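Heads up, there are several structures right after this.
Across the two complexes that follow, chain A remains constant while its partner is chain B and subsequently chain C.
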Partner chain A sequence: MVNLQTSWEVRTLSQRASEALAGGQLGLTTGYLFAGLAGLAVFLAAMALVLVYAERKIAAHFQCRLGPMRVGWHGILQSVADSLKLLLKEDIVPTDADRFLHVLAPFMSLLAAILVLVMLPMSPALQVADVNIGVLYVTAVSGLGALGILLGGWSSNNKWSLLGAMRAGAQIISYEVSATLSLLVVVLFSGTLQLSKIVQSQADGWWIWRAPGVGLLAFAIYLIASVAEINRTPFDISEGESELTAGFHTEYSGMRFAFFFLAEFINMFVVSALAATLFLGGWMPFHIGGLATFNAAMDLIPPGAWFAAKSAFLIFVIMWFRWTFPRLRIDQLMRLEWKILLPIGFVNLFLAAMAVLFGFYFFPVQ
Partner chain B sequence: MVSTLEDRVRPPAAAGGPLSTQEFFINMGPQHPSTHGVLRLVLKLDGETVREVIPVLGYIHRGIEKIGEHQTYRQFVHLSDRLDYLSALMNNWAVSLTVEKAAKIELNDRIQVIRTIMAELQRIQSHQLWWGVLGMDLGAFTPFLYGFRDREVLTDVFEETMGARLTMNYIQPGGLMQDIHPNFVERVKSFLKYFKPKLAEYEELLGGNVILQERLRKVGRLEAKTAVSMGATGPVLRASGVAHDLRKKEPYGVYSKVAFDVPVGTMGDCWDRYWVRIEEMRQSMRIVEQLIDNIPAGKHLLVKPAIVIKVPQGLYYGQVETARGILGIFVVADGTGYPYRIHLRTPNFNNLWSITAIAPGLRVADLVAILSSLDIVVPDIDR
Partner chain C sequence: MNKMSQEDILTAPLAETAPSSSPAVGMTGPLAAPRPERRGFWWNILSGLRSLLKGMGVTFRYFSRPSTVVTQQYPENRATLKLFDRSRTLLGMIHDENGFHKCTACHFCEKACPNASITVAERPKPATGKPELDYFTWRMDSCTYCNACVIVCPFSVLTMSGTFENSVFDSRLLIYNLTRYAGPTSQVLMKIADPEERKRMIETRGVFSGVPLLRKGGRK
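Right, the complex of A and B next:
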């Protein structure tokens, strides 16, 4: 229903690899696949370091302090030093813990985050894989994270961890419903589940304001629900350091703790990037339908920069939440989801379906 | 309602049924982020629901009452600030007040006014810290640093006059240890000017937040009757609707000469305790404002430091309203320079035990909110 602009041709890394394979260039195929994998690994590490540093600096400035200042210029190497410390720490598994699951849990948590990362369209040329059920895949895979947290809490043989894990399980499963409902609004409007096509469908305006009202509401619901899904304040009850000491990762230390930590930050990025992709146009530059000169000027900024800027803004908003809000209680959290967000989500989805049915959205394509 | 034994051993929901659950015990503390020191609470939990709370004390017992028997009355002042370190000056005052009453030492106006100003400044300081810690206990870390930032200003003022920042010894039987610093009046005035808008900011950042109100309103209701029977005092008692403030009921210092209101809550829930303390900061500033320009001239110490104060034989009791409630000091004197026996009635001990009455039936997270709203200082409980 939406006229796709042909200038934004998407070529994913996996697509390039298979093209090379069809052309008989085995070396190039391996190169592309390796670039995809190694790129992801490097990206993960870099992203975690940058986000940890950003979080500490942002928190510090919210709190009238300077934050890390000693290691490197303005403490820029602080997260490197911290990760080195975590790498070198003694690896402790409690005596009565379920050793296998205890070791497995952090990897499960991280795996979920990485698997989603594969799908993210960062720019037309930078996307590892692009399947036609992208949104479905993302919602399905991100649920795996809950498993890691549940296993980690249960296998630690610690009552505080168990309480944290139970909280996390209930919370993540509940909020996933709302998050998915709000994603469906965009799926309805764009008429596709493929992430790159969703981005391309926003060439004439982002769904957050092009879908009249429902887009904005869906964005708000998604933001709230996904902050809850990734266990960040004000929904960080599964860690809740003032209640449960450290929640599900009380018994984790050293590298395994770092993996949980890494997963949290990657999840934050994934959630922000997804919100940017679905509601804020992803790598698509800011366009206003009909204003050709303005649109051309916006196109000068590379798509990758648009994507990074939008994601960074949303990450900042999530950090802003964390350093401002107190924490909700478990029953209030459940009430917010099942009695407030879920009904609103359903009504919103219905309204969105009506809007699509009657072709009522802003800036229809000529 | 005080929970009875039947309440406590009540079987969990649907015992024996298909959804029967098991109660379990869990130790909160002595090393736990929100027990504010080395307090240990043994919790009996049914899932997230608290069935019973048993505070276990003694992890920071230092035998201050016993040590007091081997100290002169002046020396004991230096132990009193180790009780509730956030009300150090008020604790000093309690000791001095009792000894002065017993030894019949008359004070001049300058001493009384300065003591009152110091006590009220410290009340503000103590509540600033409480406000920050409350935020942190409820998951908002930023208020903690805001509270400490503003507390720092007052700490500097205290440091200039008395040389210490936390365990301050300033008020002693017969007067004050030193005169106020020449900058004192000016700096206190600039603090008042600085802190008034900050208090409004406190309200905006934390008090006006809907999540905080959800967490505090109707949580941990302490009925007036229970509060009185538990011996709770200070903001905890006043939040329950009992307007008992020693500064009004049995005025000491110059409290009878200054105008101030005693904030009283209606519900006795955590929110009332929050509100009472915020309002107390305003009232304390009001008191300091009235006094700071009118400090009379005079000597700051009426009994020479070399003189050992002797208290005639008898039983003496003195009490002051600290930031957390009534600190009572009971002295059995045998006519020498040393007390025969000293007993301390500390506010936090009673305030803490009211948690056994209000926590059952609430969630673990509520327990943290209640603990924070009771504003306990553990060394004051164990002493």
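Right, the complex of A and C next:
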């Protein structure tokens, strides 16, 4: 039996646009670029609405509740109604706030999320841009989100906001290290920083199981560190409503609050999608090297669906974390990172390097 | 000689654990606070992971079983609404299937009521001159639903009725008369064979009938 899609050729939207430009088809170029931009905008809005609804429903059922039930069938239009309400709400900037930074901060937060979204390989045909330093770019740009939070907390001129922002800063500095160390494990195995090539390198199996032990450990560390990076429970001390009212977005209302909210949910998607791309094969179907029939059967499910399912599963796991675990104190948070995750991450990286060096993993690349 | 007094028995085990210079007799020595188990790096991580997974298992059990949902879709499920036994709803007086109650106008509920929401008005029985219930006035507007009246009632006449929809446009309509008739209790009435005779012995009362007797000032 012949594998129908042996090559898994990736054609990004920007690539198509540049090809069209080289061919002199200016209309097609603008068409592709517009499709990329509009697609991203629509994707952002739709994703946020769906995720907010999903979070509320999932949270409710974890807590023996029903969640939104009134607006539409089983409350399916609840997030539409909520976003309309947020649009119409009064937008307040506190008197003594730094007005410029206060307005800028939510956009910074959202910008970071969108910039990462551009690089995500959602399927061989659906990726806006692809650079050869994809992993580096993603880790660098996702740090910008913390800048939005820091700006928001600083410019609000409010003690809670500032405390929340400082906590977020300390948190992202700490956990970025562990997250990057665990990403490096995959980079070592796949031998590339380009996200689409990392996905292609998993045609024989996903790195989470192909790299014996170290892949799973790196995945666990990345999951923990990335949940901390996007400030979600159990690491939501920058929001910490029981001690900081709402943390960095205490003084935000209306649309600007909605932007922070949006950024949080998009970040959750981005983190899940990245974990899926690097450890769970991204859009690559579940393959086991050598089993051609099995692989061909798995190929019947389109790559986009694989990507969506993997991301959705990880998003569910992150929500599951949120509605099960209590929040950590700041000292516990720091202890977890510097005394536990970081040493394990370093050892793991060393072991991964050894495994790559001696070809001690499943289906090694010759 | 080895016969110990009660005090000896109480203090004997303490003497071993508490220091001899224990200041007070009643003290049981320093309280032993539960210390978290700290064994080692890997043990801590694994036991922590185990407890986290256990917690996730608990929440997933709730998540995966819709039967665990406790939310009631109230206005829609009015017909099938289930209230807990402990729910505090409008005060009601139990009338049996013949429409008779057992209240003897003993005033226990009135005395138990912490904010004078209950006023029991009695009248002399026509034949004997002993008191019987006339009006049982309950001020829902000042009631805190403390349940004290239900607890003290020696004949279990009072109950939380299970209804709670009582919105009105006039606060005067929140003063209820709980008894449906004035006259002898059900024990007396049911000894009388003739239903017509029973009917003659009672005098009907409505929810808002009569002049509500409100207590002013302190208790009697």
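One rule holds in what follows: the second predicted complex is superposed on the first by the 357 of 366 C-alpha atoms of A that agree within 3 Å, B and C clash if a C-alpha of one lies under 4 Å from a C-alpha of the other, contacts with A are read in each partner's own complex, and residues count from 1 in each chain.
Rule of thumb we're sticking to: a residue touches a chain if its C-beta (ideal position, glycine included) is under 8 Å from a C-beta of that chain, and two chains touch if they have at least 3 such contacts.
Quick caveat, the model's predicted, so the values are computed rather than measured.
Chain B and chain C, once both complexes are superposed via chain A, clash.
Judged by the touch definition given at the top, the superposed model places A:I340 against chain C, while chain B stays out of reach. By the touch criterion defined above, A:D236 reaches chain B but does not reach chain C. Applying the stated contact rule after C-alpha superposition, one finds that A:G75 touches neither chain B nor chain C. When the shared chain is aligned, chain B and chain C each come close enough to touch A:W323.
Of the two partner chains placed around the shared chain by superposition, chain B is the only one that A:L163 touches, whereas chain C remains out of contact. Contacts of A:P121 after superposition on the shared chain: neither chain B nor chain C is touched. Contacts of A:L66 after superposition: chain C is touched, whereas chain B is not reached.
Judged by the touch definition given at the top, the superposed model places A:I58 against chain C, while chain B stays out of reach. Among the listed stretches 8-16, 62-70, 134-142 or 152-160 of chain C, only 152-160 clashes with chain B once the two complexes are superposed.
With the contact threshold set out at the top, residues 62-65, 323-325 of chain A are in contact with chain B in one structure and with chain C in the other.
For chain A in complex with chain B, the residues that touch the partner chain are 59, 62-65, 159-160, 163, 166-167, 233-234, 236-237, 240-245, 323-332.
Per the touch definition, chain B reaches chain A in the complex via residues 24, 26, 32-34, 47-48, 135-142, 145-146, 149, 205-206, 209, 211-212, 214-215, 363-366, 368.
On the side of chain A, the complex with chain C involves touching residues 58, 60-66, 69, 320-321, 323-325, 340.
Those residues of chain C lying in contact with chain A across their complex are 41, 45, 52, 55-56, 58-60, 62-63, 66, 68-71, 73.
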